[in-house]
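Got a structure for you, written out below as structure tokens; questions coming shortly.
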Amino acid sequence: MGEEVKEQEVSMETVAMILGVILLALVPLAGRHMTHLVASALLLSLAATSFNLLFGYTGLLSFGHALFWGVGGYTVAVMMARFGFGYLESVAAALAMSAIMGAAIGFLCVRHTRIYFAILTLAFGQMFYGIAVKWDFLGGSDGIYGLPRPLNSLELYYYVVLASVLVSLYILRVITRSSLGLSFMAVRDNAFRAEFLGIGVRATRLKSFIISATFTGLAGALWVLLETAIGPESMFWTHSAEFVFVTLLGGPRVFLGPVVGGFIYAFLADVAMSVTEFWLFVIGAVLIGIVLFFPYGVLGYLLKRLRG
Amino acid sequence: MVTRREFLGMLGGGIVGLAVGGALGYTLAPKGPSPEEMAGKLPGVPSEPLKIGGMWFLTGKFGTYGDMAKKALQLAVDEINASGGILGRKVEITLKDEADRQNVLQNIRKMVEEEKAEFLIGIDSSGDVLKLAPVVENDLHVVTVITHAATPKLTACNKLHYVFRISMYEEPIDVAAAKLVAEKFPDVKKVASIGPDYAYGYDSWAIFSTNLKKLLPGVEMAEPMYSKLGTEDFSSYIDKMLAYEPDLVFSSLWGGDAATFVKQAVSKGLFDRVKYYLNPMLGATDTLKAIGDGNVPTKAQVWGSGRYWFLYPPHDVWPLNKTFVSKFKSRYGEYPPYVSATSYTAVYALKAAIERAYVMKGAWPGQDDVVAAMEGLAVAGPMGPVAMREDHQGVYSVFWGRLTKGAPNYPHPILTDIQVFDFGEVFPAPGQTAVKCQ
Amino acid sequence: MGEEMLRTENVRKHFGSVRAVDGVSIEVMKGEIVSLVGPNGAGKTTLLNLISGLLKPDSGKVYFLGEDVTGKRPSQLVRKGMARCFQISNVFENLTVLENLLAAVHSIEGRISPVRRYDEDDAVERAMAVLREFNLHERAHLTPKELSHGDRKLLDVAIAYALNPKMILLDEPTAAMSVGEKRTTVGVIKKLRDQLGVTVLLVEHDLDVVYEVSDRIIVMHQGTILAEGRPDEVREDPKVREVYLG
Amino acid sequence: MDMGLLAAQVFNGLVYSSILFLVSSGLTLIYGIMNVLNLAHGSLYMLGAYLGITIVVYALGGTPLAYLVAFLLVPPSVGVVGALLERTLIRRTYPMGEEYQLLLTFGLILVFDDLVKMVWGAAYINFPDPNSFLGGLRFGVYTLPLYHVILIALGFAVFLGLWTFFSRTFTGKVMRAAAMDREIVEAMGVDVNRVFVSSFFLGSLLSGLGGISAGPLYTASPGMGTDIIVYSFAVIVIGGMGSIGGAMAGSLIVGVLRSLAISFYPQLEIVIVFVIMAAVLLVKPTGLFGRPEFERR
Amino acid sequence: MIARLEEVYVDRGGVTVLRGVTLQVGEGEAVALIGRNGAGKTTTIRALMGLNRPRSGKVYFMDRDITDVPAHERARMGIGYVPEGRRVLPDLTALENLEIAYGGKVPKDTLEWLFQFVPDLKRFLNRKGLYLSGGEQQMLAVARGLVRRPKLLLLDEPLEGLAPKIADSITRTLKQIRDEGFSMLISESGIVKRLEGLATKAYGIDRGEIVYEGALEGILEDEVARARIWGV
């Protein structure tokens, strides 16, 4: 992605990364709220990074990605609350379900690109939102609640989340650095020419869609266990917009951009809400400012300055 | 149904209950010393302020609820602080927005774990309250007083320890509605209904229709209709109703939806074709203001209820209501809706319970001490005396009133011809409900 | 020689009233360098598009290595050994030069996989070897934006070559090049055939280049073939001079 | 099937279609001419309703005159707000991708919702019902309120007006021309920037007209723009993005089908619009009346 | 002197496409700009029209420095433009295309005046651009460039892609226009013959540099120009 870094910077980044992980491991010492906040920031980051595999790496803007967050979340909730499975089986089922839904919806959506892709994904997102609201089995508008927290402890579960997110990010990183990841970027940059490289453009987009949906679903699944509840609003289009926002906030052209964006967003919303009831105004204003002044996102901007 | 005289009798009982409960009659309390003066005077009371966390919809389509609840909360806190706080501790509030849908539970946690709120009040959405209860019970362990969310499931389907609901819930109001119809409008033959398209709407219809069938077995009922929250255009629903030609329409729409519906029903002539229109959520000043005097139907009788009505209990027999209404009106320029009364009462209930627990314990009470004091507590609120039942549901009498133009005395329509139902008549026994638990 | 690489049979493509390609049959033998020339709008690029699968002919057939490939998609043709470059350099703008090549290498060798690093050693080696052939290896870590115009066009050719093609279609490889760049390109085209064994079908305006590299020249005009022959034959053909210089 | 009810529901659908058309024609117009998809278009609708309230409820009282004044003043005011947004903010996203336009205008939604709350408060507000002085037409058990009839007429009148504007007037033709090839139109002596501001003005004006028209029918509350924008999206996708005729067709389909669904298949109400939208996109991505995009330059 | 480019450099997409182009069109003159694809003809014309801003250098029109004047004002000042590929507005009729360029309803006498040059226009005046043949589109494009009676008409490869008969008729039209005293700059991708009798003066351009300036006939004799433009 043209972000290949020089040797000494790699070591700097590695150091920063290790420090970051140590910091994250220490979070439970900062109290339960912080633990909870960081856990949700991690999951938002994972969802946004998965979204960005499709957006930043493959060039497809999904405006309905919360659908997969919801698919993952509802699968866990249904498995546990309706069928009495444990959380491990439930999360595994959520992964499978997200992948299957990703394949089915992706198959229909990747026939289009650009604005049409965005609108089509939006339509699917809203359709499933409507289904969740109407379907008793999913708890209707109340959703499903009162799920047991795995391990009976927020702190322990935090480490489950941390580990899962780190492993997932690692896998996503491996994918973006893989030959498959390169084919995503080739399709993004120039689908026309990619076809002349023997890359099946539609199939490549679909692969990206499925991977993206699966990890977004994982984030939703883990989030449900953190929240112990889920409702239809988790699939509403404004939640999808949040992923887009977070990604652009951090920077769509840097792998860790959405992670940085996820943390900034989580803390910004947390602080803004404590300060003013017009916190949405603050978020909206920040969003406008980002678009106008930092279109490469915060991390994108920082890296640009660092590297001259 | 009770008459005015019976009500006075009930009121007496309530006041006795209050005395037994050991609550401090705050309406009678003279202006006390300031918290600063009181600080440290009482043994075992910490000197730092007491923080109460509140959560309602502060933004978005339902933002008006949070706004009104917040105003009443502020009123109560200012009163309490002006008269010595709670056992000398100054009260502070911290608020979170329930409209941040993705983070409701996280925000609740934040108030408790980070902002050190010792007690919680609020919650508008039934869905949220059901999600919240297990978290509070299993994890947060702080006394939480619900002021709005009305699902019967909260108190009937859960064994609650830390969570209490001070506000009336939907079941007694709907039961009372069935009684009202059976007693006052026995000529009803066909009933149509509309409600919001989620659990509350379904439950409300289930309770009303089950009870009505028992009381008036011959009544025919249309397939219930449900509209999504925030529906703008009810024309299609109204015409479907008209096609059915009912005598009575039961509507559990609330907030803006309730107002929009009435307005559109007026212009679509619904109230020329039906005789009665009942809405258990109509007795809310925000809704009535939105309806406006111009839309009060003249032909059909429109009846409404609510968790509180600012003209009931009558100001002459229950001065606390009068004080509350006049304070609220002079501070905020409008008459208080029910969310204001319930939040106001919630703060005083907490105060009463803490003080009672302190008396019993002789030291600042822990959460479990406050729970013990809340159980069986009776507190005087603007809506009358509220008794906390063993299932942690506050009980007080239900009213239904007829919609009438407010002019010239009030800026919006009001409810008159108030019919009161004693709580013994309409509250199901603890643990019972006509609604299916999940 | 003598073995057939590519053949078109009376292919036709009309856009509305415009007869872009109007019944063209050509043949390219293995190891040949064949040039398509003709004034603007003669239909050369359209013919290239028909051959490479970008357009479907209204009628007629395209054979590649004896197989009927009419209507096959570009990605399928690439796998059969037909690569193509573009008139306006058409590369992956946000990837480095090396990554551009790697994308081609991985794709054609069927190595696309989510776990295989795209910069694994043997792929990089292979890509760098190609870049060396085109003298681009020193610019491997630049993005196309940072390349000179000539180098961008070279990169385009290098990508095509990295696909292990049996045949490359080149669309105006020297357009807007400096004289020096042009020399390089001529060298590259010769090398493609002489050292790398690739058959070349070239669309080119610069007749100097065409005369220098071609085994055979096909002159197109208004969608049809006007003349065909060895460079010296075509050079002397009055019809060709007519078309060009009037 | 009850034919009277069916007719009544079609009528109700037409009223809703009319509002939808006013809003979505503006959305599609701006998209068609400028290739900008303005998510905050719904916020301008909300602004129209609230400005209307200011005039009808607070300033002049619910008299027929107040309505007349509101209908005359509000749409152009909203148009000016839209034009200002274009000049100050949205214009700066043109060199960036579509996603940035979507994001910026999404940010505007949040800002507008809170601004409305700051100015008018969080409570929902009702207009006095214009039918109280207009009355209605009786039709069996049903009443067709006159205001509803007027709205349907207004929707069709605006449709015809736009049709005439774009096919007959010079300014309309210039706008269409700018949509086809902005550069060549510039080279022909047209100040395309002005055309763009004008089309934003006109598109926003239509949204404002939608707001003031819907206001008396519905209830104004902060956030009222969010639903309508999603439905308008559906409308213009179904009809074909950039096509006024398509916006009309899409509005009719969405409005009437939704109305019929309520009466006859209530469980479909929420999803039906999105199912149609997805189906249209999958089968005919350019929508019913759209055509493949011109090569834009 | 009607128009003049002076040492104009233009970058497009990071590539320098004009490298110090100096070129001049005199009163009543028809000037040819000859070069192959990608040589910089279109950019030169666009620089005159104001569609490409020079990185450095100046553009003059009627002795006024118009380097910073936007395209639409240049059009109003009297520069007509017939773009490469014609770019007729497909969804508007021929007449409407003319109206846009005229800035309003085209007066009858102006139409009559246009018919002198392009009599065929009468035939398809009310047909949409989309349904015009290539030759008709080109005629319309010329008429559109002419409708404001500009002092300078820029024609970017007006003969490209046209059948010979039609190209001839366009050339005749252009001659007629020139004879009316209009100045014009015509680009051509290499077939000099097509401009014989039309252009008197010619510039040869290659890789963004002017490689020839002089009489049209002379360009084929010029060694440098021949080598660089035709490679022969």
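As written, the chain order gives the labels A, B, C, D and E, with residue 1 at the start of each chain.
Keep in mind that, in the parts below, a contact is a pair of C-beta atoms (placed from the backbone, for glycine too) under 8 Å apart; a residue touches a chain by one contact, two chains touch by 3 or more.
For clarity, every value in this text was computed on a predicted model and none was experimentally measured.
Q: Show me the overlap between the contact partners of chain A and those of chain C.
A: Chains that touch both chain A and chain C, as defined above, do not exist here.
Q: Starting at chain D, how many touch steps does it take at minimum to reach chain E?
A: Contact-graph shortest path, chain D to chain E, evaluates to 1.
Q: When A-D is set beside A-B, which has more C-beta pairs in contact?
A: Result: the pair with more contacts is A-D.
Q: State the chain with the largest centre-to-centre distance from chain A, centres being mean CA positions.
A: For chain A, the chain whose C-alpha mean is farthest off is E.
Q: From the C-alpha centres, identify the chain that is farthest from chain D.
A: That would be chain C.
Q: Per the centroid of Cα atoms for each chain, what is the distance between chain A and chain B, given in Å?
A: Distance between chain centres, rounded to whole Å: 39 Å.
Q: Distance from the CA centroid of chain C to that of chain E, rounded to the nearest Å?
A: 32
Q: Can you compute the centre-to-centre distance for chain B and chain D, using the mean CA position of each chain? Integer Å is fine.
A: 38
Q: Can you check how far apart chain A and chain E are, centre to centre, with Cα atoms defining each centre and the answer in Å?
A: 53
Q: In chain D, what residues contact two or more other chains?
A: Answer for chain D, listing residues that touch two or more other chains: 113-114, 117, 270.
Q: Identify all positions of chain C at which a residue touches two or more other chains, and write them in rising order.
A: Correct list: empty.
Q: Which chain B residues sit where two or more other chains touch them?
A: Residue numbers touching two or more other chains: 58-59, 66, 197, 228.
Q: Output every touching chain pair, sorted by label.
A: By the stated definition, chains touch in these pairs: A-B, A-C, A-D, B-D, C-E, D-E.
Q: Name, in rising order, each residue of chain D that touches chain A in their complex.
A: It comes out as residues 37, 89, 92-93, 96, 98-100, 102-104, 106-111, 113-115, 117-118, 226, 230, 233-234, 237, 241, 267, 270-271, 274-275, 277-278, 281-282, 285.
Q: Where on chain A does chain B make contact in their complex?
A: It comes out as residues 31-34, 36-37, 40, 133-134, 139-143, 145-146, 149, 154, 227-229, 231, 233-234, 236, 239, 242, 269-270, 273-274, 277-280.
Q: Would you pull the chain D residues touching chain E in the complex into a rising list?
A: 170, 173-174, 176-177, 180-181, 183-192, 294, 297
Q: Quick check: in the complex, which residue numbers of chain A touch chain C?
A: Contacts found on chain A: 1-2, 4, 174-175, 177-183, 185-186, 188-190, 192-201, 211, 253.
Q: If you look only at chain B, which of its residues touch chain A in the complex?
A: Checking each residue of chain B against chain A gives 58-59, 66, 94-97, 100-103, 105-107, 109-110, 112-115, 126-127, 130-131, 133-135, 138-139, 151, 197-199, 202, 228, 438.
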